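Right after this note come the structures.
Both of the next two complexes hold chain A, though its partner changes from chain B to chain C.
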Partner chain A sequence: MTAAAGLIRRDRGMPAWVGRVVTQLGVAAAALVVAALLLLVIGVSPVDAASAFWSGTFGSPTNAGTTLTQAVPLFLVALGWIVADKAGRMHVGFPGQVVTGGCAAAAVGLHSGGLPGVVAVVLCALAGIAGGALWAGIVAWLWASRGVLEIVSSLLLNLVALQTLAWLVRGPLQGSLDRQPQSANFPASALWPAVESVPGRTLSYDVILLPLLAAGLIWVFARTTFGFELRASGGNLEAARWSGINPVRQGVTAIVISGGLAGLAGAALLFAGSAPWLSEGFEAGIGFNGIAVALLARNSPVGAILTAIVFSSLNVGGTSLQALLDVPSSLASVLQGAVIVLVLVAAVLAHRRRRAAPIKMKELVA
Partner chain B sequence: MGVLDIAFLVSALTIAAPILLAATGELIAQRAGVMNVGLEGVLLAGAFAGYLTMTRIDNQALGFLGGIAGGLLLAALMGVLAIEVKVDQIVAGIAIGVLGTGLTSFLDQHFVPEPRTFTPLPRLSVPLLSDVPVLGEVLFHQDLFIYVTVALVVLAGLAMYRTTWGINLAATGETPIAADAAGISVRGVRWAAVLIAGAFAGAAGAYISIGDVGVFREAMTGGRGYLAIAAVLFGSWRLRGLLAAVTIFAVTDAVQLRLQSLPTVPGEVWGVAALLVAVGVARSRRPRARLIGAAVLLGLVALAVLRPQLTLPASLWLAMPYVLALVALAAGRASRHRAPSALTVPYIRSEA
Partner chain C sequence: MRLRIALISLATAIPVALAGCDGNSAGEKTDGVTNIGFLAPAPRNDGGFTQYALAGVQAAVDADPTLKLTSIVDNAAESQQQIDGLTSLAAKNKVVVADGAVLNKAVAVVAPKYPDTHFVLIASDLESLANNVSSVTVAVGLNAIVAGAVASNQSKSKKIGMIAGPEVPSSTAWYYGMKQGAAAENAQTQVSQAYTNDYNDVGKAKQAAEAMIANGVDQILSDLDSGSTGIYQAADGKAGTGVYNVFALHCDDNPNIIGSGIVNWSDVLKTAVTEAAAGKLPAGAISFGLKSGALSYQFCPGKGTDAQKALAEKITSQISDGSITPAEGVLLPKPSYAYEQR
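Coming up: the complex of A and B.
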């Protein structure tokens, strides 16, 4: 019965994208209201805050470069969520996978000083992907062969990854001269190249990953057998099984790929970021915020580019708000949480209004 | 007893109590079909709300009430999302987690810029019983929260297994259609369960901040919310299993705390681990699991006898309870089959 309702719902063609844009704008407006209220509560004028926010995020080429570069890790995690979610697997191990990916990339990067730049960059990226994918592989294995809910195992593995990072930066990878819990600086040849003409070289070339990966993912989902099988196992399990698709294998693949994307995000954070060394807090909430980025984009890879930039400007702007107006920087994470709630509610409300009409059709069919 | 002395048992109890209370609340909610993955955020809300109350009115009873109110607030949000708006519960839980962490640190930076420290809950001795050697010191010389937790868990057990409400609760989580047809308000039962879970987690959070240490720090609950959820799952949605899981987590955590300060791993630890594995092997029915268990047991006994000069860095000890929770979940006998059938499934009457 639910499947039939789904078919009927998908039938209406006309205002689908209009409705979607209106919902998105509504969510953005509501989030702005929440932000304004929070600012008023702590006694900061929202107008001052808005101008400080703009100058911190897009006010100069340097700041705009930072904002765009910091959108890349968020976008990669969002793609990871989209891949896993399309296959019906909802894991939340991104923080852990970002951390393990970053650690693996750092371990390789620290020892690649003698290699030519291109080789070092590619090796670091691959190490990041491998680190994230391996960590996600544990989640996938626990789910597929031990029946452990992927959401719980991934939450616990996040905590294990954080402790492992804390150990690495104090033990094997500790390398700063003043015995701080952080690694030595990465060799300059391993750092990812940045656009020379932007002052401060804040715009890393890895921003080309945004359009490339979005297009690639859309192609995989729309045009390849693999993408179809992935979506099929996330849709109707029975139907997938009857068409000879193994949903468990697809689920495992999806989780591992999403871990690889998160691991690459970890490498990007370190090698295209402002601090070229491994430290305890380098993950900076990217793992959970990436999920919010994907949700806000309604699981659309192209939409995720835009929402990743919005979220990264929240992070970057939040820092400048703290510097200029003494607003606590955790304002950004409050807003990010609020955005998830608003998106959820908006999606359900829009869905309900659309469903009002087809119910009559359902009665006709019955 | 060396490492495993009275102080160790007391610290294990102090660690166990908030996890136990939060997990019991979560168990009630999950038996009604609502899973709150953001329990960590609810705990933090309780911890911060309790602390904030203390900075304004220096009264521990009111502090705990504030903590409960903070927990109820986030639980109510979860209830609105899961029961009224009927969104995906997992994603709603993620939102609650992010919101709880962000909001508490935002409000803490603004409302309490200067961190303050309060005296933790005083320890109360139960007359006569506290004079019993060892046991008296451990069990009957504790703070009020631990006694109340024990009472609440017993009450929750009675309510779940010995009352009509408990049957209604299980029916709501298993087959809401049947429950609805029998005249049970699915919405009412789920709301009650979610709010009870919120109040329990709020009080547990308040204990973590103002009851146990007397301060609040950003993200100070340190994953206890996730451990509580893991305990519910590992316990196959039964109170007895949950108690076993919380005991194991708390003991590991206490061992970890103790061992951080020691240069090497003492032999007793291996002995206790061997004992735990032995119990597991004895209870297991699958031959392969028994074989693996026996091998691990032999290794642990060897370690206990040989007492090698092993050291583990503090961070890795901190990861121990989580690793153990994972191992426990992986070893659990296909526990997903015992989950309430309607767990995380919203109840929509027109589609039933």
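Coming up: the complex of A and C.
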């Protein structure tokens, strides 16, 4: 650390990460205030709502298992966003990649009844990763070879993926007794293992991915050449080129990896949750909510663990609020929207603070 | 790096630790009162299927002071959300109504975990029998036969159509029934079908209806909820287009409405909930037909000629006495386990 940087740090009075945590806590507190006000408007006591929310999310091992398990797909999509963002690529194809990953995993899962459990689980996960990565590969190819903006192509490919899913559940993968748009149930051997001691087996072992992938990604970014090249490509394109880094290759790689993570999220939604079949709406907004998770975490893999759990709690707790207090289902969506808006406000404030820093540097030099 | 690893551990450990904090059980049943929960994939005020079903549950509660409708979960469109909702409801209610064909798999997941709760699944059957689940369906296709015959008689172009939300058996039954009824009235009548994949999307319904009208269709049956408004708007644009509703008469909504294939979901739900609360609703599949009074075809005031009214009565009686037998696709697939036709 240089002397000047040290002076700056002391001048700010606290390390940067403390500021980030304070910002996130501030967002959470503001969201709570907004929620309390909304509840009061519809005539529900915030205290009763808090109790029902707690009961539905962490009030029992069963519900906590559900909340944590549902956080995993959100977290995976958030990591996908973070990887692409580090390389300077901003695509919004996660819903499509979750869907294609889920469809690929479902196609494999439905035919894996005779395989040993471990093989079936690994195959389904790999199929999910491959499905998402291939779908993202189209975006990457269009960007790298044709100069098509990835945000445009990925958005349009989302629609293609959703229509493909609608066709699959009514056609080749349709498998329910009365021809509902659903597949047959996946064989038990293909389902991802869950903690037996949690009633209802709602806590899937895939929650291990939360710390493992967060730590892994931090290590890749901080300690590997690949991570450095990725960050360099995202930081300054020209500087990266002059350093001998191929930013296009890094961008393509980042988009494909982010698609693979989203595809894995699709597989997790189907095989780690308690709804082991493919249905039209299985993506459930995970693709876009995952982006919000990453934004709220300010692109920190560690922060994404917490924010994914917060968003998952909002989903699960929203249903609980309906069931216990008859709170409208749209309130959870309103809360999520409020959180995203508050995140944007926090981002603007953080940006202003960063812009203020060089002035202090000048003062120090003078 | 060490700090980050510590933060990762903390971020993961806190929620896992919280998971061990067991709250009080919500599964208590109040003495003397039977709690009822209701879950639907659509909004509770959809102006159609869900709204009528909820009205039936409310009617059962109003008729019996020992029944209480404690909770309503609506807009549960996605499987995981449906499972979460049913789980929450099952923990605190003796009877849980799952109002929608698409809930069949979710009910199959949740019901075995709550053997003391009676689940009433509406408009679909389970893939295999569960001892605490009664699936309640209505043979809407029988009503569609009557509607098809009347629409065929009313049509000048001899082209009639049906527009529904998702292409599921409870909707396709309307198409196959209309086809059979139209053929009984005039073998030359053509019947077309369109699906908007959403019972409440007005725009898609309008587009589908306009496309049909452009192809010469002049009588359209709407198996939609609030999406029916789109069909009314399309019919307003072409004089002579007749519209037919399902579930209930909506004669005041649009002057082009001829009548409705009434499906009295409210009565069906009232009966089912009352019996389930009293422990008298058998497990297995129960289908309500013409004999139960759940189905009937009715004209709007001032609509329908005497000949058409006579035709409706004739087709109805022929279905009831068995001289008209439902063609393929008119009735929902019959499950292999306990089945009761009412």
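The rule is short, and it goes like this: the second predicted complex is superposed on the first by the 337 of 366 C-alpha atoms of A that agree within 3 Å, B and C clash if a C-alpha of one lies under 4 Å from a C-alpha of the other, contacts with A are read in each partner's own complex, and residues count from 1 in each chain.
Quick note on the criterion: a residue touches a chain if its C-beta (ideal position, glycine included) is under 8 Å from a C-beta of that chain, and two chains touch if they have at least 3 such contacts.
Fair warning: this is a prediction, and the values are worked out from it, not measured in the lab.
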Report for A:Val152: first if it touches chain B alone, second if chain C alone, otherwise both or neither.
first
Who does A:Ile42 touch here: chain B (first), chain C (second), both, or neither?
first
So, A:Gly216: does it touch chain B (first), chain C (second), both, or neither?
neither
Once the structures are superposed on A, label A:Ala166 by its partner contacts, choosing first (chain B), second (chain C), both or neither.
both
Would you check which partner chain A:Ser330 touches, where first means chain B only, second means chain C only, and both and neither mean what they say?
both
For chain A, which residues belong to both interfaces, chain B and chain C?
166, 170, 330
Interfacial residue positions of chain C with respect to chain A in the complex:
1, 3-5, 7-9, 11-12, 15-16, 18-24, 26, 37, 71-85, 87-89, 92, 101-102, 104-106, 109, 113, 124-127, 166-169, 197, 332-333, 335
Listed in rising order, chain A residues that touch chain C in their complex are 17, 54-56, 58-62, 64-68, 70-71, 166, 170, 176-182, 185, 198, 200, 203, 207, 210-211, 214-215, 218, 222, 269, 273-275, 277, 279, 281-282, 284, 301-303, 305-306, 309, 315-316, 319-320, 322-324, 326, 329-330
Tell me, which parts of chain A touch chain B in their complex?
1-2, 5, 38, 41-42, 90, 92, 142, 146-149, 151-153, 155-157, 159-160, 163-164, 166-167, 170-171, 288-289, 291-292, 295, 328, 330-338, 340-341, 344-345, 347-349, 359
Touching residues of chain B toward chain A in the complex: what are they?
37, 77, 81, 85-88, 90-92, 94-103, 105-106, 109-110, 218, 223, 226, 229-230, 233, 313-316, 318-319, 322-323, 325-326, 329-330, 332, 334-337, 350-351
